[in-house]
Amino acid sequence: MKYGARNRITAKVTKVKKGDVMSQVELDVVGKATMASVLTTDSLKELGLKPGDKVQLIVKAIHVLVVKE
Amino acid sequence: MKYGARNRITAKVTKVKKGDVMSQVELDVVGKATMASVLTTDSLKELGLKPGDKVQLIVKAIHVLVVKE
Amino acid sequence: MKYGARNRITAKVTKVKKGDVMSQVELDVVGKATMASVLTTDSLKELGLKPGDKVQLIVKAIHVLVVKE
Amino acid sequence: MKYGARNRITAKVTKVKKGDVMSQVELDVVGKATMASVLTTDSLKELGLKPGDKVQLIVKAIHVLVVKE
Amino acid sequence: MKYGARNRITAKVTKVKKGDVMSQVELDVVGKATMASVLTTDSLKELGLKPGDKVQLIVKAIHVLVVKE
Amino acid sequence: MKYGARNRITAKVTKVKKGDVMSQVELDVVGKATMASVLTTDSLKELGLKPGDKVQLIVKAIHVLVVKE
């Protein structure tokens, strides 16, 4: 099984909130995780990112796909 | 500073790959992270998710927003 | 009318589920459809994609825009 | 293997275009496909969608995740 | 023509940057614009949003669909 | 505070609609706004975009991140 996505994080479900059309799942990341971001080169320059920089990664919950193997 | 997003992950840049229009940044997650996913209630039922379940979270790099505070 | 998106699929509504804030629409694709995906070149290499390969395309319903002409 | 997404489409790769950071893949949908969209209830009302309506589904290529099983 | 999306902004192209696979377009918004955001109710409560509050809206350029009518 | 996103729009909340899992916020853009879109070079060519062109920008509300500074 191979995914065409840079971020693949193992996590354990801690809470499920069922709604009428949409539902929400809370999880704890298991083990050490690495992540990747793709942004415009213009944004990269503005941020001046270089190895060692500490940043915040913001991801709307709607963009997180849950897969059960 | 408050973000209207469930996922806020502290990470350290490990690699930067600059392209013509888009660029890519690799990062290590710092400390323990929690995540959240929003999905349709139909998908939730299909997956049969409940606390304790181990899953994979797949996120395309393009959906990860980098913020430098 | 021209859209700045690679995927334009003609479909017929089969079911509507109205929720408080969000709603869900089910559809049947009409006719033959072609699709396109943009991914990082790193992911492309990992998947080793080449013409003729059979794959699954996964799209969260939230990313599908309905247009009525 | 279960995905927390409403759209799972079988497709065959027809063309690959490799770029510096991002790459593009073209595909033919195999067989009959069904799709789903999630939108605000406000948008649903504006569109006045009901079973039988013919619509266009627009999806940016970046939102299409390729999975190779 | 009706779009199943809350944000429809008239804009004038000011700059085009053509890349190998992806390209970038800069625009000026024409006239007065209104916008909408959908977020989890949990995030809404955390932000404590109420009419009159001034906020920043952040949108990755990849999520902006250009339509030429 | 620097965001790795091209679109940063100042806006004032006009209406809040709280739902079970997801909520919706309506806003007025404050002052003059500029925007940016990233699309495939194929789509750019199809649209034939050049400075001065008037277009519609369509953004699903789910892609708009609210930040309160």
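Each chain gets a letter, A, B, C, D, E and F, in the order it is written, and its residues are counted from 1.
Keep in mind that, in the parts below, a contact is a pair of C-beta atoms (placed from the backbone, for glycine too) under 8 Å apart; a residue touches a chain by one contact, two chains touch by 3 or more.
These figures come from a predicted structure and were not determined experimentally.
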Common contacts of subunit C and subunit E? A, B, D, F
Required minimum of steps from subunit A to subunit F, each step between chains that touch: 1
Among the other chains, which touch subunit D and subunit E together? A, B, C, F
Expressed as a multiple of 5 degrees between 0 and 180, the CA superposition of subunit B onto subunit C rotates by 180
Just give me the whole-number Å value for how far the CA centre of subunit C lies from that of subunit F. 21
Subunit A and subunit B, separation of their C-alpha mean positions in angstrom: 1
Multi-chain touching residues of subunit F, meaning two or more other chains, are 2-6, 19-24, 36-40, 42-44, 47, 58, 60-63, 65-69
For the subunit D and subunit A complex, residues of the former touching the latter: 1-5, 21-22, 38, 65-69
Seen from subunit B, its contact residues with subunit C in the complex are 24, 39-40, 42, 60-61
Counting only contacts in the complex, subunit C reaches subunit A at residues 17, 19-20, 22-24, 37, 39-40, 42-44, 46-47, 58, 60, 62
Sort out for me which residues of subunit E touch subunit F in the complex. 3, 5-16, 18-30, 32-41, 43-44, 47-69
